[in-house]
């Protein structure tokens, strides 16, 4: 089996994490997993949703979108159609839920962090790139909040990162690009902390079912990939 | 640790599967996982969505809803609010995707099966009960299609069933009810075929992350529970 | 003329009223008029709509829905289409308006009663069954409010019930089922109190117009049917 | 009892019916019932809704709207709020259903008549004025269709007209204006043909229930009023 | 070049401005530019939008609509389609923005003026007629506010009026009607104050581009036409 | 008067036009007017809207959006709110209308060009940057269409470009950035062809009205600025 990109089965695509990508957001990251490019902006606003008011805790929520022509053929603009599609809803709920697992909301005070992940070019793995980039963006936003005296302690508990794994032509592979993703037998998105705890595991059989052993192989690849991504996040934040 | 219901950690709630529950649908099942009660109707219609036309294959799609007072406090009616919530969208996509894995769409001909899962009473695990009951409903619909000469071979590849597992007060438990679900550290929904293949695994850390070992314990509980549910499905279909 | 069901012209279908049908709602009734089956849940919430705030009065409002496959062929789900259809709106306004006529809102305090009528199986007369069942559900909810000390006096002024009448093949008939309803020359829904006062009368010529005399005949049938339904409501509440 | 307007209990408001009110519609009428003013436009378009295609029959449908400041205080514009309110939906369904009873759709050919009733000033009775005026507008549209050779025979079976009746301060009154309507114990809208057949009867108890005898008194007033309105329609069409 | 209407290139259509056209609004004008007829209602309500609260200033906003059959062929009703079209949005933003330029909002107190421009018959130039008529309606509303003691000084700074100009068959013309508008090479809407200041200029090349010289010719026609319209507004307000 | 940026009154911001910015679209441009950055993608699809079918002509339409945090404070995502705001609608209509003026649709064949202008960072002038960048993107798309044999002749008639001008602190200035735009007395957007023809002129008085002489000064600045932008477009396309 040769991957369309020529990569080894356990090899990530080239990853870049560019901070301060746009000038207005408290944290702004362009994350690239190969040809997949996502702008991750973290915005801090005073106040929390109604269900949290008066509890002294903060909130974090995420929204996800794709530029209409981020993909091979143009998709209708969700704003023009008047609703977000099911896939969008599913992804933005995943991003928000995962990032909240990285944050100690009780240290955030009554602030809400809005994370916007907007895909400008898609080649598979947009949700895992989004989570990996967005975690750096919120790290920057938290630093700014500390510098501005809005919070005392850094609300980040542990950094998280995410990668996809799958079974492609019978072989477990790491970080699927679009040609692999659209032909994989099984596709799994894994989100872990920098210390190796699992935050979310979502595996789906696309055609054939998968076995316990295949699941294990995929989890091992994911652990390896996320460890590498965590190092890149650290390097980016140190840069 | 004592479960709120007094069950053993590896014990399912009482499960009942009532076929022919309503009179119009080609397959109609009331499934009960303890106090969780879901009507699963399978409707067969001629024709397929545009993207499949002319391919000689069928389609299956699912919709999910909760009666406004299926829950402890009343939720706004989605039809009145003018949109389905994110959780609803996520669940109905999961139900549809899983059931399609159970079906050989090429044997279905140009028919669409609409699966409607409507929760009339909720006590945790509505999505796993929905999938387990809906698979019986589509089995009935397929039998009717064969009897009516609409399809030649049964389009069902393998029956599927689903159960939730989680870590509750540090202990892996099977088939969480609402009091457990709302306090679990980790919650995982597993969907498998009657022959033990994995169709979907979705595990989420609610508070603390989970370890590889905890993941393994949960998967083992799920395998046990789904084997039992598969037997109940068979018994119901034989009844 | 022989009715499709073999009933006498002035004969109701078998009616059952099952209380405590689901476990969460303050009042929960499954009402069956023959094959028409409707879940009627009454939910009590603190607070009133803005236009009533500070007046010390309560409010009651109703919503109506049909499961997509409650009917012979599947109807699109209103939540998925993003709006309630005209028929739905018309029916839920009728249910709410009628039930408010049964209630002394000034005795309710600043509470809102939400009535949800969800049709799980339809065979004609869903709106009249809904009103008849929902009145029992709110009676239960009011009892619970009294028991919980939320209201002092029972806010129910008089029980109401409802039935349809029509001209079928030239003959006035009581409680039309679907085969009659879809072929009736005239269809009338009547809502009355247990003491014989009229709450609402809605008669519509479907094909030919109707005469004053036919109107009178239909009203007499309705008076008879509603008297019987009132007795069944009393029996159910006494049960 | 003295009516706010000083009218006799069985006296209509001054009614005017102005044809050719706007220049584009096939039939265009301004109808005035006292201070209630409604523009009724009938538009003829080739084609019928999907459910009627190929049957050689026509269709008629109605839409209703109120200018935001047709009323004492401004109502939000339905187009801006993104949906028609329940009252609007209920009224336009009534208008369409009633007018279809006046028309032999099989003589209309595969044309659709759109009736638009837009209230420019409201003082009670907008739905009855709309129906009365719209019937004249469709009569004009049918004449034009005959003149243009689109239909051979006039599709109008019988003209219809409509009026409201009610119990105001204990007295049955004809054609309620807004001060009466907002204080009536019972309000009933009656639609009849020029030959005295009933098309629709909708009576609602607003506070107290009404008796069979009060119902009869109201129906008699309605018969008298509609006979007068029918004469005015004839005079307008002859003018 | 002969204009379809036979007018001179610099000649307005017959213009009428009827005040107190409907009875409820604080200012109500029917404005006619030839066959274009628009009802302009100004409604005064206590309170301002959130972004202005507590600043002691008022607000003015406008909405625009067309009756479905105000045009040669029927347009779908925006309320029924569930959204306002792009053209509607563009026009109502223009009307509101222009009228705000006529008003000293700081003299208005915390009141909002809603301007509703509803086209009952269209023959080109509906937006310019709307602005010209609406300015008279708000003048009446301001007089009423002064009379009622709601404001001390008249909030009107300067009256504004509006007219369209264009290049039709190579010739600059004033106040285009529909036959001209739909064939013009260039179409420009100009809004000016009674004292000759420009409020808004919107010129669009429909087919060929226009030159600086053509732009100048059109502006001169507009200045002439608006001067005449300003006189008619004054006469109407003096009447 | 010193401009916040220190620029001369007739000086553009630094402008860059980056082609092939994303990899999927037929034409893809990142345009920067200072800190304003817009991705302009041109997508070519077979087929035309219904109103053009069978005429052998093509169509071009545009959509506009801003990333939620492209601005100083986060704006709600239009896709999540379920509708495009009035400003968005106004701008995308302007972009589409202007670009159609640049194109000979009869040379395009039955293809539709979708132009997507997505603002990733905003600092004033997003609509003028969008038009200027999008014209380069469609030029690239047309070249690709010619290379692929989809069209024979280049459908571009003349390139167009756009710039804003205004009166800032009494002085006419070119290409307003956000600090100027939000304080300008008058703001005007001008769109011209590379040969100096006017395509659209939209001038709005924000506070005080503007005079004919001020209008002339602004037009002269615009002519100068657009001539420079046209040169940059040519250079980019030659690059």
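Note that the chains take the letters A, B, C, D, E and F in the order they are written out, and that residue 1 is the start of every chain.
The rule we apply is simple: a residue touches a chain if its C-beta (ideal position, glycine included) is under 8 Å from a C-beta of that chain, and two chains touch if they have at least 3 such contacts.
For each chain, UniProt lists the protein as follows: A, B, C, D, E, F = Ribonuclease PH.
On a predicted model such as this, the values are computed, not experimentally measured, just so you know.
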- Chains in simultaneous contact with chain D (Ribonuclease PH) and chain E (Ribonuclease PH): none
- Touching both chain B (Ribonuclease PH) and chain C (Ribonuclease PH) we find none
- Task: Would you indicate which option in C-D, B-C or A-B repeats the interface seen between D-E, with over half of the contact pairs matching by residue number?
- Result: B-C
- Note on the structure: Given over half shared residue numbers means same and under half means different, the chain A (Ribonuclease PH)/chain F (Ribonuclease PH) interface is same
- Item | Distance from chain F (Ribonuclease PH) to chain E (Ribonuclease PH) - Cα centre to Cα centre, in angstrom | 28
- Query: How many angstrom between the C-alpha centroids of chain D (Ribonuclease PH) and chain A (Ribonuclease PH)?
  - Reply: 59
- dist(centroid_CA(chain A (Ribonuclease PH)), centroid_CA(chain E (Ribonuclease PH))) in Å evaluates to 50
- What parts of chain E (Ribonuclease PH), by residue number, touch at least two of the other chains? 82-83
- Query: Since the chains close into one ring, what order do they take if you set off from chain D (Ribonuclease PH) toward chain E (Ribonuclease PH)?
  - Reply: D, E, F, A, B, C
- Contact set on chain F (Ribonuclease PH) toward chain E (Ribonuclease PH) in their complex: 83, 86-87, 89-90, 92-93, 97, 101, 188, 192-193, 197-205, 208-212, 215, 219
- Which part of chain B (Ribonuclease PH) faces chain C (Ribonuclease PH) closely enough to touch in the complex? 22-25, 28, 35, 37, 39, 41, 43, 45, 63, 65, 67-74, 77-80, 82-84, 88, 114, 116, 118, 120-121
